[in-house]
Each structure stands twice: as C-alpha cells, then as structure tokens.
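One structure is given here, and the rest of the page talks about it.
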Amino acid sequence: MFLLEHLWIIPALPLLGAALNGIFLRRQSHAVINTVALGTTALAFASAVELFREFSALATASVPWVKSFFPWIWAGDFRADYALQVDQLTMVMVLVVTGVGFLIHIYSTGYMEHDGGYGRFFCYMNLFMFFMLTLVLAANYVLLFVGWEGVGLCSYLLVGFWFLKKSATDAGNKAFWVNRVGDFGFLLAMFMLFRNFGSLDFTRVLPAAASAPADPAGHFGTFTWIALALMAGACGKSAQIPLYVWLPDAMEGPTPVSALIHAATMVTAGVYVVARSHIIFLHSPIAMAVVGVIGCVTALFAATIALVQTDIKKVLAYSTISQLGYMFLACGAGAFSAGIFHLMTHAFFKALLFLAAGSVIHAMGGEQDMRKMGGLRKKIPWTYWTMLIATLAIAGVPGFSGFFSKDAILSATFLSPYGGKVLWAIGAFTVLLTAFYMFRLIFLTFFGKAEYDEHQVHVHESPKSMLVPLVILAVLSVIGGWQAAPALWGGENHFDHYLAPVFADAASSAEPSTPAMNAHTIEQQLTLVAFILATLGFFIAWWLCIKNPKLRDSLANTFSAPYRLLVGKYYVDQLYAGAIVRPLVWSSNYVLWHAIDEGLIDGTVNGVAHLTSETGGQVRRVESGNTRSYASWIVLGAVVFTSLLLWLAVR
Amino acid sequence: MVPISYFIVLSAVLFGLGVIGFLFRRNIITMFMSIELMLNAVNLAFVAFSRAFSQLQGQIFVFFVIVVAAAEAAVGLAIVILIARNRQTLNVERVNLLKL
Amino acid sequence: MIVTILFFALALIAISGAVSLILQRHPIHSALSLIVVMVAIAGLYLLLGAQFIAAVQIIVYGGAIMVLFVFVIMLLNAGAEERTNFSRMAAYVGLPLAVVLAAGMAWWASTGSQSLPTLSGEVTQTHALAMMLFQEYAFPFELTSILVLIAILGALTLAKRESGQE
Amino acid sequence: MSDFLAQHSLLFSSVVKAAILILMALTALAYLTWFERKVVAHIQSRWGPYRAGPHGLLQPLADGVKFITKEDPMPLGVDKFVFLLAPFLALSLALTALGLIPFGPQTITLFGRATPLGITDLNLGLLFLFALTSLGVYGVALAGWASNSKYPLLGGLRSSAQMVSYELSLTLSIVGVLLMAGSFSLRDIINAQQGWQLHFLPRWNIFAGPLPQLLGFFCYFTSAIAETNRAPFDLAEAEQELVGGFHTEYSSMKFAMFFMAEYGNMITVSCLATILFFGGWLSPFPGMGGWAWTRFIPAVVFLIAGISLIIDGIRYTTIYGRIVLPILGLVLCGVGALVAMPFASSYAQGPFWFLTKVLIFLFIYVWVRGTLPRLRYDQLMGLGWKVLLPVSLANVVLTSLALLVAHR
C-alpha cells in the first residue's frame, strides 16, 4: 500500500532527475547524467510495476483510488486539489509511459552520445516524463491540464532542441501555437464542465454526467458542446484534422523525441482524455459521430500523404497521424477499450519504428532521404529485423500486436451504432495504404542496391545501448497483443475485461445489437478482408519497389496532378499560412502594434505628458513675483469658497 | 436694542476693508497691518457669535487668535526688518525676485 | 438706547479708522488708524459683555503688537509710500473680488443671521471664562505658550543672522 | 429739572465727579512739581524754589502762567497731526487712569444716586488700568517720531522699547496679589486685605497672606519707575545723552502736558502700589478696642500741620508769608476740626490714609531720583529681562504653591 498512499512519488522521481540534471549537473560527465536520468526513470518504471501489483490487490470497491495531497486552488466554491487518481485506464497509461519512456532513455544515451546538449536533453526528457505522468495520474481536469500544457512545453523545447537550426525553432513554435488552439477548446470545455457540474474532479463530474439525461440524436445540447470542445483540444494534442499540421514538422527534433513524444505518449494524450471523459461523449451522438468521422478521415488523409513521402521520419510521422486516427475512430465507435489497446500496441511498434529509423539515420550519418539509402539489410541486420517486425505489426499481419488492435477497432466500427459500414470501409482501405507505405519504406531502405556513396558514408551498426531497446520493443510488438486476443482466436480478451470497470457504461451502450455467435462470424469475415487488403498492399509495394521501380516514375508522370497534390501534402500548410497566419500577422503588425499600441496607448500617454507641460508653461505666467497679484488669487479662492458656502447655506 | 447681526455685518465690512488694504498697499508693513485688521474683524465675529449663542468658546478662540497674532507679528516684523536691510526698501513691488 | 448710540458711534469710528488705514500714505498714520480701530473694537467687545477680551484686546493688540509696529516703522524710518507700477491683477481682479467678498459676507450676515437674538443685559462672567480656559482648554493654552516661545526664538534667529553678516 | 437729573443721574454724577477729579489732579500735579523740586533740593542741600511766594508755594502758578503765555513754535518738517496728538494722548491717558482709582470705602449720594468715591468701579478695573498704561507708550513714541529730529527719535525708540519690556514684569509682579484676592476689582482687592494678625499687624499683602508679596512689591515698584520713565530709568529724556529726549522739540503747554502726564502716571502707579500691597484706604491701626483713638489721627495731623504753619508764618521774613501762611494754617486747623467731628470722620478716614500712603510713595519716587545714578541702556534692558521678569515669574509660582498649601 505504500505507493498507493504516496502516489506523488511516481511523478516526483522524473522531476527530481530533471531538476538535478537541469540545475546542478549540466556540465557533468555523461556517466553522472546517465545515472541520474536513467536511475530516476527506472525507479519510476519499477514503482509503476509495484503500483500495478498493489492496485491489483486493491478491492474493487475502492476503485478508482483517489488520493488528495494538498489543496491547490480554492476560489469561492471552486476547489481543485493536487489529487492523483488510479484506475485501470491510468494503470495502463502509467505502465506504457514509464516503460517505453525508460527504454527510449536507454536508447537516447547511445543516440545523443556526441551531442553538445547532453545534460539539457535528458533534463527535458525527464521533465516530459514528469508532466506526462501528472497528466495520466491527475484526478481532476485542472491538474490534467497542467500536465497537458507541460508536455506541450517539453515538446516545444525538444522539437526546438537544436535551436541553432531555424527550421527546428520554427517547428517548435508551430507545434506550440497549433496546440494553443486546441488548448483553448480544452479550457472552454473545463469552464462549461464547472458551470454544469460545479466541480472538475473526475470522481464528481463523471458520475454526475452519467446520471444526467443524454442529448437526443441530432441535438446540440450541453454534452455536445462540452464534448466538441474537448475534441478540439484532443485534435490539437493528438494531431487530428484540422490541427495535425504541427506533427510532421516536429520531426525536426531528435529521433528519440519523435519516438517518445510524437509517437508513444504525448500525442496519445488526446485519446486518453476522450477515453477518460467517454461518458460525456456517449451522452452526445453528434459528438460520437464527429469523433468517428474525424478519426477515420484523418487516418485516410494522412495515409495518402504518407504514400509519397521520401523522408523516412516524415513517413513515420504521417503514419502516426493515421494510426491516431484509428484510435479516435475506435472511440467514435464507442469501443474505447479497443482505442486504448491500439494506443498501447501503437506505442510499442511505432516507438520501435522511430527508434529503428533513428538507428538507420545514425548508421547513415544523418541521412534521412530514403532514395539515398538501400541495401542496408546486410549492414545493419539488428535494425533491419526489428524494424521488419514493427512493420509487420503495424501492417496488421496476424499474430502481431497491431493485428489484434486494428482488428478490434474495425470490427467495433462495423458493429457500432455510431460508426457504420462507410467508416469501416474507409478504415479497411486505409489498412491497404498502411501496408503499402510501410513496406515501401522497408524496401526502399533495406533492399535494392545502395544509392549512397560508400566512400563518404561508413554504414555501421548502432551501439548496444541503442539495440537493446530495439529488441525489447520488438518482443513487445510481437506479444503485446496476445493478452487481448478475441475469443474466436481461442484467446481470452484480458485487456478488454481489465478495462471493463472503467468503460462499463460504454460497453452497455456500444454493445452490438447482433447476437454473439453472429458477431463472431461477421468478425471472422471482417478480419479476413482486412488481412487480404494488407497482403494486397504488401504486394503492390513489392511490385512498385522491387519488381520494376521504373513504374513508380511513370505512374507519377501519368497521374502527375494527384501526385503533386500528395507531395505537396494537399497544400494545407500554404492554405493555413494564407488564410490564418498572414492576416493574423498583418493585423498584429498594423492594427495592434502601429494603430492601437503606438497610436492609441502611446499617443494617450505622450499626449497627457505634453498637455501637462503645456499647461505648466501657461500657468507659470501666474508667478509674476508680485505679492499683490498672489493676494488677488487668494481673494479669488476665498470668493469662490465663500460663495459655495453661501450657496449651500441658502439652499 | 442692537441685533447681534449688526456686529456680524460690521465685521464683514471691516474684513473686506482689510482685504482691499492688503491688495492696494505697497508697503509691507501696511499690508501687514491690513492682515491684523482682518484678524480683528474675525475676532469681532467670534465674540458676537459667542454672545449670540451664549457660549464662551468664541471668546476662548479669540484669545488664542490674539496669541497667534502676537507671535505672527513678532516673526513677521523680524522678517520685514530683514527685507528692509537686504533690499533697502519696504515696497513689495521691488521685492519681486520670485518671478518668471 | 444708549447701547444703540454707542454701537453706531463705535462702528462709525471703526469703519472710518479702517478706511483711513487704507487711504493714509504714511505707515505711521495707518498704524494710528489701526489703533483707533482696535480701541473701537474693544469698546464693541464691552458692549457684547466680553470685558476680559476687551481688556486683552487693548493690552496685547494696542499695547504690544501695535507698539511693535510703530517701533519697527520708527526703526526703519519708513517714509511715505512711493507710487510704483500698479498690479493690474490686483486692480482689475482683486478690487472687485474684495468688494464682492465683503458685500456677500455682509449680505449673508444681514440675512442669514436674522435669527440671532438682540443684545440683552446679561454679562459674561470672567470667572467662567477662566474656568473654561484653564480646565477644558488647558492643553491648547500651554501649546500657545510653546508657540510664543518658538516665535521669540524665530525673531531672535532672524535678527541675529542679520547682525552676524555685518 | 431735578427729575431729569435723577433720570440721567449716572451720566451727571459721572460728569461731576470727573470734573472734581480733574481739578484736584491738575492742582496736585502742579504742586507735585514744587514738592519734587523742594525735596531734591534738600537732598542736594539746596533751598529749591523760594522766590515765588513763601517757600515758593506760588512757583507752580508762575510756571503755569509761563507755559500758557510762552510762544509755541512749530518745528519745521514735523508731522503736525502726530506732533499735536502725542501730548494730548499722554495727558488724557494719565488722567483717565486716575479715574479708575477708588479713594474710599464709602459711597456718596449725588442726584439721588449712591456712587463710590472715585469715578467708576469696574470689576475688571485693574485690567483696564493696565490697558491704559500700556497705551501710554504711544505718547512718548509718537512724540519722538513726529519731532522729525534725531534726539527725539532715539528717545522715542528707547522709551517704547523700555516701556514694552517693563510692562511684562509690571503685569506679572501683581499676579501674586490677584491670586490672593481672586478678583480684578480694586475694591475687592482692598477688602481682601482687611483684618489683623498678631493683634497689631494689618493683613496687607506686603507682609501678610500665605506668602508676603515682598518680591512682588520689589518687582512692581522697580518696573513702575521704569514704566513712568523716571530716574534712574529716564533714558528717554537723558539730558546728558539726548538733549531732552522725546520732548526736545516741545515747548510751552505741550511740554507741560508731557510733564503733567508723567506726574499723573507717578500718582497712578503710587495709588496702585498702595492698593495692591498696602491695603489701600485701610488704616494701619485696628479701629476698635484700645485702638479706638486712632480715628482721631487725621484731625490731629491737620491741627499740628496748621499750627506749625501759623508759627512759621509769624516768623516769616516777607510780608506775603506773614499774611498767607497763617491763613493757610488756620484753614488746615479748620479742616482738622471738621475732620474731628463724628459725622465727617468716618468719611475722612479712608481718603486720609490712602492719600498719606500715596504721598509716601511719591516721596520715595523723588528720593530714588535724588539718590540713584542713571543706568546704561543695556543694563536697563538686562535688569528688565534677566532679573525682574524671572523674579516676578518665580513670585507667581511661589505664591500659587503657597496658596495651594494654605488651602489644603
């Protein structure tokens, strides 16, 4: 019970590491920094495991376990404590965050070996761990928002880690600003929640919401607005349409950062929030539909862009966006557990993909363009195999983790009252695209002849410190899905049952209307279709990349217009720049700065000063040095005052 | 019999005369005496009111006013002597260093 | 009857004295006019039954303060006032205002203080005055003594600085 | 007619008494000059005036005639108004001060109205007396200024500063007496001194009460001499330094006015000394028991004086003396006899003792003048500010303490 009583220890550990690294040990040797950073992170992971043990031993009556440590904000009847909460959902998130985070820390020691800002890097990383844990452990929306903003800050710092590169700092700013938009929605949601439920504690808001009547379909009620505002925040953080534009640019940061923040943990915060407040969404059909549609469209959209990207990390970035789309699709379909499940597995294999890609980049000496690679299979076998496993997982090959999670999502979508066949169809088509662009990446990178100059680039396998995490993550990518194997695969869906208490009412509402046996057959057919599509994607990729690569260019020439559209990422950035950024900058520059600040405010201030000096200059003439004129002034005052008195007396 | 308001009117008139004297004399000492005249007018009003309301505070106040006037005369005349010695004149029109 | 006569006589003396104070061109004459005004006012105090104040008026004002004035005038051998440039401010603003002030106050006094009683026989007891002065107002009384002391010191300092320069 | 008089008896009685007082005062002033010259002469072992009339008794008359008939030049460039105003101011103030003095306990009946001996009897009499004396300075100061001449100006300056300074100690020195009497009325002050101690010592303020006012009297009399610009404090008219002081430029009647004003002030001050410290009109002897005979002392004194005059007249050298002096003696004897009569004696007691004491003080005045040398001006101021003022203040404090103790 120790950790349950002292929950604060878990976030405090990374914070301690960050403080030590950031304040005292900046100039220390790598060994010291490693000890602190890895030690604190490992301890956090260990304590998370211990917490899991204690939590499992906990009686179901006392779940969720809420512990309030000190009053934080008391304003009138508003009250927000520094309170931490543990339930099954939190447990999963904590384990994923600490575990993957620990592995990526290990990896970073190798990857950042020769970087100048070694201590700074680990300081930021630990700080991110702290905020992420605060986010997932928070017992009320306010504290959650602190973590929310904190991870945003760390993302900004780490994206712009190489702040001498203009592109890096720009990417950091972009991420920050785009997130601001979403945060605004989140704030609105919090305000509305407080206004409607008088509190922001999960343990008070969610039951109240559960007991409240749901909005009727097609009707914009309280829950709809709150849910949509929350969804805006989630879109910002989890890079969904229309706020996804920051994530590809965020690849400017170091690769471990991309793996940890922009694949495994932070970007899934949106999904976490949606799942956390699923009751509110369930009470609003419109919101569910919106979530589903947004997720589905984002998945397809990002996947299409990923088809033609040549930067290895960009491909992975768009793939991340698309996978996040899957998660939201699951949420929209009411299968929150499936969404969380995919979140976990995706954390495994996408982190693995990024790390492997980092390993490749490391091997290529910083080269990121896939067209300049090729034939690396023999040179960096560990990287190759681990990356292949991750690719199989994300492509949804049976037996791998991605297969189970994606399968669960698609079937849930097909069966859900909110989703429907159309969404399922799009999602299924996206499976094909996913398989295609992932295998395209593999083929371009590891197969074919070497496109680079051996004399310049000395390809070499990464050090142990980078390979060990790869291997561990590979194992996880394989077995990560087994404990959620649906019944028809002779498995028992532990994961679903484990999360059942959290999403109890979700299950009730999202239960497929069709009988179970029927559902099984439908599920088998769906899985079959998905697998066929995946293999199809694999073969197209093989055909275009290995069999005859010429065809690629000819296709590009024949369908030049759509090709350029995809290469230009649908020109969304340019659209935003023209529609939002430039007017904003113009108005800030000419209206706010020149007109209001300089004209109005400075004008007023200077005008007052000028008026004063002018008045003084005029009044100065009164100083005639003539005593009797002074006396006359006194008399004037006396007359005024006396007449006032007389007037008062008469009146 | 004499209404006490007559005394008030008289004091008002005397006060006004004092003001006029202060405004129209150039000799510091004369201006000073005009001030004394104003003080006396005020004292008269005080005593008249104290009689009208048959309260002695008015006379007490007059007493204090006289004391203050004495102190003021002492210091003021010392200043007048200084001015006369430094500027060789008693004409305020010539004592106008404090000006634009 | 006799009180009325006395009042108007004294009022006439006071006003004429004040006027001559303004009009006389020589400080000594102004001082004498002021002394006349003060004596007349003392007489008015007597009419009002304030005998103690009347005596103090003559002793302090007439016997000390005005003597000081006359003394200073004699000491500085102040001649008749010279005609110098005229303060337009005082002429065109001060005079009308002063007249307005006097007239306004007089008007108010004549209208607003009609309710005041007329002069009747009783006389304030100096004894009661002394009691009030030394019991209720003992502290202000002592303060006035301090004030006078400070005034003495101030006058001494001013005079001394002058002699020190020479 | 008579009822008209009765109706305005206050007015008429005041007028009559004022007339009588002024006549007596002027005569007294005139003969006070003779008295002073005689005494000073004898102090300096001279004869003094003896040409005009026997023992120069007609000298004041001759002086008066001289003053009236003398030409009255108006110096050049004087401020005429002030120049004329000064002597009138001085004399009128001096005479007015005399009007506040009560000469006897009884009241006399005029026009069917009982009025006190003396013109008025204010219950703040003492205060007003000081008010008048404090105004007295103007006569001297203005005279000195108006003369448009340097000696008078210096004299005026001196006297004004001197009088203002000494007025302080003069006023403070009598506070002790006021504390004992508890009143500003001269009559009350005198009545407060009635009674006896040790069966022979009258309870006069000078040597009775909780604290005998010896200090007070010393301060009072010294300040009084200075206040009246008399020797040894007569720096306003110090012949050796400033020819004649403030009245250098004056001559004839105006000069006489200054002189009369000076003597009038002397009389006023002496009266005050009598009233405040020496029991006013109270007889030094208890009137009852074994002392009953003392009520005949006035008569006896007059008779002795008259008889001595007759004898002196018979032995006198000039014919006038042989005629005038015996007549004067007879008159005195008659007065003595009148005073001895029962109906008159009670009226005579008060005034007799009062005037006797005043005469003694006047003699002391002259005696001091004839004896002491004149002070330097800084010594004068030093004495006033550094000795008399503190001493009289101390006297006030001591007296009040003594009263506190006595009333415990």
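Per-chain numbering from 1; labels A, B, C and D assigned in written order.
By definition in this document, a residue touches a chain if its C-beta (ideal position, glycine included) is under 8 Å from a C-beta of that chain, and two chains touch if they have at least 3 such contacts.
Quick caveat: nothing in here was measured; it's all calculated off a predicted structure.
Hey, how far apart are subunit C and subunit D in touch steps, shortest way?
Minimum step count, subunit C to subunit D: 1.
If you average all the Cα positions, which chain's own average lands nearest?
Going by the distance between chain centres and the overall C-alpha centre, it is B.
What whole-Å value do you get for the distance between subunit B and subunit C if each is reduced to the mean of its CA atoms?
Inter-chain centre distance comes to 6 Å.
Could you work out how far the Cα centre of subunit A sits from that of subunit D, in whole Å?
Their C-alpha centroids are separated by 117 Å.
Where the centres are mean C-alpha positions, what is the separation of subunit B from subunit D, in Å?
37
Using mean CA coordinates as chain centres, what's the gap between subunit A and subunit C in Å?
Chain centres of subunit A and subunit C, defined by C-alpha means, are spaced 90 Å apart.
Going by the contact rule already set, what residues in subunit A reach two or more other chains?
If we look for residues of subunit A contacting two or more partner chains, we find 624, 626, 628, 631-632, 635, 638.
Using the touch rule from the top of the page, what residues of subunit B touch 2 or more other chains?
In subunit B, 19, 23-24, 26, 93 touch at least two other chains.
For subunit D, jot down the residues that touch at least 2 other chains.
Subunit D, residues with two or more chain partners: not present.
For this entry, which pairs of chains touch?
Touch list across chains, by label: A-B, A-C, B-C, C-D.
Going by the contact rule set out above, which residues of subunit D touch subunit C in the complex?
79, 81-82, 85, 122-124, 127-128, 130-131, 134-135, 137-138, 141-142, 144-145, 153, 156-157, 160-161, 163-164, 167, 171, 184
Across the complex, what residues on subunit C touch subunit B?
Touching subunit B from subunit C are residues 3-4, 7, 11, 14-15, 18-19, 21-22, 27, 30-31, 34, 37-38, 41, 44-45, 47-50, 52-53, 56-57, 60-61, 64-65, 68-69, 72-73, 75-76, 78, 81-82, 84-85, 87, 90, 94-95, 98-99, 101-103, 105-106, 108-110, 113-114, 116-120, 122, 124, 128-129, 132-133, 137, 140, 144, 147-148, 150-152, 154-155, 158-159, 161-162.
Subunit C touches which residues of subunit B in the complex?
Touching subunit C from subunit B are residues 1-21, 23-27, 29-30, 32-34, 36-37, 40, 43-44, 47-48, 50-52, 54, 56-57, 59-60, 62-64, 66-75, 77-82, 84-85, 90-91, 93-94.
Show which residues of subunit C lie in contact with subunit D when the two form their complex.
Per the touch definition, subunit C meets subunit D at residues 26, 28-29, 32, 35, 42, 51-52, 55, 58-59, 62-64, 67-68, 70-71, 73-75, 77, 126.
Quick one: in the complex, what on subunit B touches subunit A?
Touching subunit A: residues 19, 22-24, 26, 31, 92-93, 95-100 of subunit B.
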